[in-house]
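Shared between the two complexes below is subunit A, which pairs with subunit B and subunit C, respectively.
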Partner chain A sequence: MSAQLPANLSVETVREISDARDEPEWLLEARLEALEALDELELPDVIQTPGRRWTNLEALDFESLVDPLNQSDETSREAPEDAVVLSFTEALDEYGDLIEEHFGSVVDLETNYLTALSAALFTTGTFVYVPESVDAEDVKIRAEMNSRSLFSHTLVVTEKSSSVTILEAIESGNDIDDARYFSNLVEVVAGENSYVQYGSLQNLDEETYTYSLKRGDTDTYSTINWIEGNLGSKLTRSDVETELNGEASETKIVGAFFGHDDQHLDVNARVWHNAENTTADLVTRGVLDDEARSVYEGVQDVGRDAWSTNSYQRENTLMLSDESEADASPKLIINNHDTEASHAATVGQVDKEDLFYMVSRSVPEQQARNMLVEGFFVPVLEEIEVDEFRDDLEELIAARLH
Partner chain B sequence: MSSDQDHLKETDTEARFEFKKEQKAAFAAEKGLNEETIRVISEDKDEPEWMLERRLRALKQFQKMPMPTDWPGQPDLSEVDVDEIVPYIRPDVEVRGGVDDWRDLPDDIKDTFDKLGIPEAEKNALSGVGAQYESEVVYQNMQERWEEKGVVFMNMDQAVQEHEDIVKEYFMTKCVPPSDNKFAALHGAIWSGGSFVYVPEDTTVDMPVQAYFRMNSEGMGQFEHTLIVAEKGSEVHYIEGCSAPKYSAFNLHSGGVEVFVGEDAHVQYSTVQNWSKNTYNLNTKRAIVEKNGRMEWISGSMGSKATMLYPASILKGRGASDNHITIAFAGEGQNIDTGAKVYHNAPETKSTIESKSISKDGGRTNYRGLVHIANGAKNSSTSVECDALMFDNESTSDTMPYMEINESTVDVAHEATVGKIGDEDVFYLQSRGLDDDDAKQMIVSGFIEPITEELPIEYAVELNRLVELEMEGSLG
Partner chain C sequence: MATLEIKNLHARVAEDDGEQILRGVDLEVKSGEIHALMGPNGSGKSTTSKIIAGHPAYEVTEGEILLHLEDDDFGDLDIPDDVRTWNLLELEPNERAALGIFLGFQYPAEIEGVTMTNFLRTALNAKIDEREELLFGEDEEAEEEEAGYDTSPMEGNVDDGEVGVAEFQKLLKEKMELLDMDEKFMQRYLNAGFSGGEKKQNEVLQAAILEPSIAVLDEIDSGLDIDRLQDVSKGINALRDEQGTGILQITHYQRILEYVEPDHVHIMLDGKVVKSGDASLASDLEDKGYDWVREEVYEAA
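Now for the complex of A and B:
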C-alpha cells in the first residue's frame, strides 16, 4: 500500500531546500521528479507469510516524523590527501558533472516511497571520489543527527584500479523528545579493477526509525565489500545490495546486528549476478535480547547470462531471550545452471557446552556468556579494514552486554 | 545396465500413463461452478444436509477469496478459469461407491487400471486399494484381516454415510478449513471421492494402503478428499498415486488431505504425482500431530504443468515430530512450486525437511518452505536441507525458505545448494564405458536415492522409472 503525501511536503519545500544549497538546475529537477512520484509509489516490499507482514512500515506516520526544513546534522569527514571526500553540497561546485552523471544511476530514486522521499528532501551526505590508481585508506565520515528528521545521500565513485576503505557512522546528537526518522541512500560506482570497502555503523537512539538503502554496481574485475553494523534505532530497515554487472567482479556483504529491548531490525542483503565469473559471499550475524526482533532476507539472484557463478550465503542468529523473535528467509534464484551456490541459516542459543566448559574453568557464567557473544561476532569484525570502525563496533557490542 | 532396468526402459510412457479413453459418464455436471451445481452434486450423492451446508459455505469463501498472484516467482495461474471446468463426472459404474473385485469393473475402466499396474501391486504388497476414476471411487477393497481389527478404508462419499459422526467432526473443520486458501475453498465446495482411513487405537497396519486417482476426461477437475484418522498408538502407511492423459485443454486437480496423528501414532503419507503436463495441481495437505506422534510426508512431483503444493504439519503435542522428504522434477514447460510447512506449537518437537529438485529443458522448480517455532516450543529443533540439480541454462531453480522463530531454546538449521551435473562425474562414468545419457541418469538416480529408499519397493521402482522416462533421449 502506498503512504500519503504528508501535508508539510510541497514543491515549495523542495525548492527551498535546493535554493538554500544553491544547487544546479538538474538536481532540483531530480528532486522534484522524486517528489511527484511519491503519489504513485509504494512502501518497500516486506516479507509476507500467510497471515502476517514481517515488518510494519505502514504504521510510520510521515506527517509527524518528517520535518523537511529543519534538518540538522554535524558531520566530520577525514580523508587521505589524494582522494576527494566532500559534503555532497560542497562537491557540487567542483565535481558537478561527475555527480550529475552518477546520481541516481545505481539506486533508482523511484524504487519506492522511501527512496523518493529521501531524494526529494536530502540535505546532507558525502561525495567520495578516488581517481585512477589511487589507494585511499581510512576515509572516515562521522555524522550526528540533531533534528527530528534527517535525509542523507552519499555517492562513491572509484576510477580504474583505485581502492578505498570507508567508515560511515551515524549517531544521535541533540536530545529531541519525539520520534525521529533517519534516511540514508548510498550509491557506489566501482570502476574497472577497483576495490571498495564501505563500512557503516548505525547507532541512533531508540526513538529513531531508520531506513537505508545501499547499492553498488561493479565494473569488470572490481570488488565492492559492504560491512553493515546496526545497533541503534527503534525500527531499522536496511537494504544492502550489489549488482555484479562486470565480468569477474566480486562482492561481500557482511552484516552484524544486535537488538535489545523492543528494537525491530529488518535487515536485507541481496546480490544479482549479471555477468560471467562473478563471486558473492553474504555473511550476516545477529544477536537478539529482550523483546527484540529481527527479520532477515538474503537473495542470491543468478541471471541467465551469469556463467560460472559462485555464490554463498550464511546467516546466523543467536537468541538470548525467549521473548525475542528471529525471522529469516535466505533465497536462491538460479537461472544459469553453471552455478555453484549455497546458503545456510541457523538460529540458536549460546552453546551450552561451551558455556559449561568456560564455567568449569572458573569464568563466571555471565562473563562466559558475554565472551561467547563477543566471539560470535568475530567473523564480522575480522572483515573490517578500518581499525577505528572495528574498535567502535567491538565497544558497542561489549556495552550492550550486561 | 541390469536386465531389470532394460525392461523398465522399454516401457512406453504413452502406453502407461497417457492413453485416453472415450468419455462415458453416468452423470456429468455442467461446466462451471455455482450453487445449483453444488446442490445437484450433493443430491446425486444423497448427502446429509450438513455436508451440503459446508459445501455452500465453502463456495461463498471461494467466491470471496482472490486468486494467489503476488507470491514471488509463483506459477502463472491465469489460465485456471473455474468456469471452464467440469467439476464432477460420475463414471458409468453399476455399483455406487465402488466394486470390490476388479473383474466387476467395466472393461474400459478395468483396462485403465491394469495398464497402470494397480491390481498387480494390490496382490503383492498392499493391505488395501481404492481406485478413483474421474470424480468417484470405482474400486475399493481392504483385506479382511484389517477389517476385523476395526481398520476402515473406504471411499470418502461412502464414509459420509457410514461413519457420519467421525466425518462430521473432522471433515474440513480443524485441519484444512476452506478459508485456508482459494483452492481449499474450491475443494470444500465441490469435493468428490477420495479415501477415508480410520485406524483404531494401538493397531498397526503393517502393509501400506493405497489409493489411485485417474483423471480421464478432457477439461475436468478432480477434487478428491482424503481423511486419515490414526488413533493413539496406531500406525499406517498411506500411498497415493495419480495420473491423467494429456489433452489440449487444461485440467485442474485440487485435492484436500487431512491427517490426524494421535498420541504416539505414526502416519506415513507417500505420493508419486504424475499428472499429465496440462494439469494444474493445486492441492492442500495438512496433518495435526498429537503428543509424541510422528508424521512423514514423502512426495515425488513429476507431472503437471504447474504444481503449488506445500504439505504442512502442525506439531501440536509435546514431542511430536515431522519428516518431509520431497523430490521435484520439472521438464519442459513445467513449473513445480513445492515445499513444506511445519508449525512447532509445542515443546520438544522435531522436524526434518529434505528436498531435492531437478530441472531441465526449461523446467522450473521452486522450494518454498515455512518453519514456524512458536513462543514456548522449547527445545524444538528443525533442519531443512534443499539440493537442486540443474541440467541446462533454460531451466530455473529457486529456493525460498521462510523461518519464523519465536523461541530461543531451539536449534534451527537451513541449508541449500544448487549445482549443475558435475562434468567430472560424467567424465568419470564415461571413461568407465557408460554413454552420456546413462551416466547422467545414474547421477540423477544417485541424487534422488535418499528419497527412493524411503518408498516401498514398487514405488521406488516407479519413481526411478518415471525419472528415467523424463531423462530419456533428451540429454545434450
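Now for the complex of A and C:
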C-alpha cells in the first residue's frame, strides 16, 4: 500500500532545499526523480503473521510529521588525519564528481516510499572518503535532531587497501511537542581490500518515528561490518544490508536493541552473496521490557554463482516482562550447493536457574537480573571497535535497567 | 561456630498438586564439621540442598531451618545477641548466602557475558553489604547498588564497594593458587565452556572466596576423573581446615569420602534421614547397597 503524497511536498519545496544548498544540477534531478516516484512507491514490506501485520507504517501521518523546509540539526564530525569527513553539502564542492559517481549507487533511492522521501528531502548527512592505503581510525559523527522532521544521507567511499571505523550517533535536541520523524540513508562503497566498520547508535526521544536503511557494497577482499544499536524512538524501522559483490569479501551485521514502555522495533538484517568465497555473519541481540514489541527479519541470500559461501545468522530476544512481544523470522535462500550456512532465532525470558545461581551467591535478584541482561549484550559489545561507541551503548543499556 | 539446624522439614514441589518430596528431615551441621548425606536417587538429597538455599521451585509445608551464629563467625563483626538465630525460611536466597550459606550446584549455570572476576567481586561485595544490613539494619548505598553496576559488564564495577578491584584480584589469585586453578579462568565467562571438572572446581573456588559458615555441596563428585576428584577434594578440605566451613557433602558414592573424610554420615530414604553414623557407615553402603538400610527401617517401623 502506498502512502499519499502530503500537500507540503512539491517540486518547489525540493527545489528550495536544493537551491539553499547550492547543489549541482544532477543532485536536484535525482531529488526530483525521487519525488516523482513517490506517487507509485509502496511502503517497506513488514512481517506478517496470521491475523497480524506487525509494523503499522500506514499509520504514519506524513502530512503532520514532515516539515521539509524547517529541518534543523547540530552535527559534529571528528575526522582522523588523511581521511575526508565533511558534511554532505560541503563535500559537494570539492568531491562532487566522486559523490555523483556513487550517490544512489548502493541504495536504490526508489526502493520504497520512505527511501524516495528521504532522497528528495534530505538536508543533512556526511561524506566519508578514505583514500588508498589510509587507515582512518575512529571517525565520529554525532548528530542532534532539532526539528519536527530530519532527513539525512551519508555516503562512505573507501579506496583500495584503506580502512575506517565510524561511529554515527543520533539523539534528540530541542524538545518539540508531538510526534517527529527521522530518516537516515547510508551507503557504503567499500573498495578492493578495504575495511569498514560502521557503527550506528540511535537514541532519539520516544515521540520520534525512525526509518533507516543502511546498505553496503563490497569489492574483492573487502569487508563491511555494521553495528546497529537502537534504544530510542517510538517506532524504529531499521534495515541493514550488504551486497557481497566482490570475491572473498565479508560482512558482519551486528545488532543490539533494547525497547521499553510501548516502543516498537522492526529490525532487519539482509545479505546477498553474489560472488565466490564470501562470508557473512549476522548477530542480533534484543531485550524487551514493559509493553515493548520487536519484529526481526534476517535474510541470507546465496546466489547461483556464489561458490564456497559461508553464511551464519543468529538472533536472540530476551523478554523481561510478560507484556512484551517478539517475533523473529530468519530466512535462508540458497541457490548454490557449495555453501556452509546456518540460521537460528530464539525468544525467551531470563533463565530462572541462571538467576537462582547468581542469587544463591549473595547477589540481590534485581542486580543479578541486570548482570544477566548486560551480559546478554556482550557478544555485540565485543564487536565494537570504537571505544567511545561501546561505552555509550553500555551506558544506555545500564541506564535502561531498573 | 555457626550451626545449621534442620527440624522436621517437609516440602513439596511448588505447583498445584506438587509432589511431596521431603517428609520430615532432621539434620544438624556445625561449621568445622564434614557431613555426608547419602541416599539413592529420588530420596530427596538435592531437594534438601535447594531448599536450604531457598530455591523457589519448592514449598516448605512444615518444619524449620535455623541458622545459629556465634561471635567468631564473621571475623571482627560483633553479632548482636538478638540476631544470632535466623529462620532461613523467612529469608531471600541472597540473604541466606549473606549469612553464610553456600550451595555448590551439581549442574552450575553457564552465564555468558559475565566474567568470573566481575561476578565473584560483585557477589563478595553484595554479601558484605547484605550481612551488615541484616545484622545491624544498615542500608548504606543499598538503593544505589541495587540499580546495578553502571559500567562495563566485561570489566566490572568502577564503584569499588568494600573490596576494590586490585584487592579482589589479589584474593582471587591466592585462592586459585591454593586450588591449583589456572589464572586464565579469571577473565573467562562464568562456567561458560568449562568442562565438568572445571565447573566443580569453580564451585569450590567460589566457596573459598565467599567463606561461608556452611557449604552444601550437591554431588560435587559426579563426573570427575581421579585427578580432578583429588583437586576438588583438596579444595573442600581446605574450606574446612582453613576457613572452618562446615560441609554437607551430598553424594551417591563413597569415592569422594576417601579424600574428604566425613565426621558424620547420614542416609536418606523416601524424604527422611533414616540413619546416621560415622564414616564406617559409608563403607557399609558401598559394600551392601541401600537395601539393608531399607529393611532395617521397615522392621523398626
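Please note the rule applied: the second predicted complex is superposed on the first by the 402 of 402 C-alpha atoms of A that agree within 3 Å, B and C clash if a C-alpha of one lies under 4 Å from a C-alpha of the other, contacts with A are read in each partner's own complex, and residues count from 1 in each chain.
The rule is short, and it goes like this: contacts are C-beta pairs under 8 Å (C-beta built on N, C-alpha and C of every residue); 3 or more make two chains touch, one makes a residue touch a chain.
Since we're looking at a predicted model, the values are computed, not measured.
Undergrad: Would subunit B and subunit C fit next to each other on subunit A once aligned, or clash?
TA: fit
Undergrad: Let me test your reading of the model: by the given contact rule, A:86 touches which partner, first (subunit B), second (subunit C), both or neither?
TA: neither
Undergrad: Between subunit B (first) and subunit C (second), which, if any, makes contact with A:329: first, second, both or neither?
TA: First partner only.
Undergrad: May I ask you to decide whether A:98 touches subunit B, subunit C, both, or neither, giving the answer as first, second, both or neither?
TA: After superposition on chain A, A:98 lies in contact with neither partner.
Undergrad: Look at A:348 in the shared chain and tell me whether it touches subunit B only, subunit C only, both, or neither; answer first, second, both or neither.
TA: A:348: touches subunit B, not subunit C.
Undergrad: Report for A:47: first if it touches subunit B alone, second if subunit C alone, otherwise both or neither.
TA: In the superposition, A:47 contacts subunit B only.
Undergrad: Check the residue A:340 against both partner chains and state whether it touches subunit B (first), subunit C (second), both, or neither.
TA: first
Undergrad: Tell me which partner A:321 touches in the superposition: subunit B (first), subunit C (second), both or neither.
TA: So A:321 only meets subunit B here.
Undergrad: Quick one: minimum Cα-Cα distance, subunit B versus subunit C, in the superposed arrangement, integer Å.
TA: It comes out at 12 Å between the closest C-alpha atoms.
Undergrad: Let me check the overlay on chain A: which residues of subunit A are in contact with subunit B and also with subunit C?
TA: Overlap of subunit B and subunit C footprints on subunit A: empty.
Undergrad: Write out the stretch or stretches of subunit A touching subunit B in their complex.
TA: Within the complex, subunit A touches subunit B at residues 47, 49-50, 304, 317, 319-349.
Undergrad: Quick one: which bits of subunit A touch subunit C in the complex? Just the residue numbers, please.
TA: For subunit A paired with subunit C, touching residues are 351-354, 356-367, 370-372, 374-379, 381-382, 390-391, 394-395, 398-399, 401-402.
Undergrad: Help me check something: in the complex, which residues belonging to subunit C touch subunit A?
TA: Where subunit C meets subunit A, its residues are 53-56, 92-94, 96-98, 102-103, 105, 108-109, 111-114, 118-120, 122-124, 126-127, 130, 145-154, 189, 206, 210.
Undergrad: Can you list the subunit B residues touching subunit A in their complex?
TA: Residues of subunit B touching subunit A: 73, 370, 375-376, 378, 388, 390-393, 395-420.
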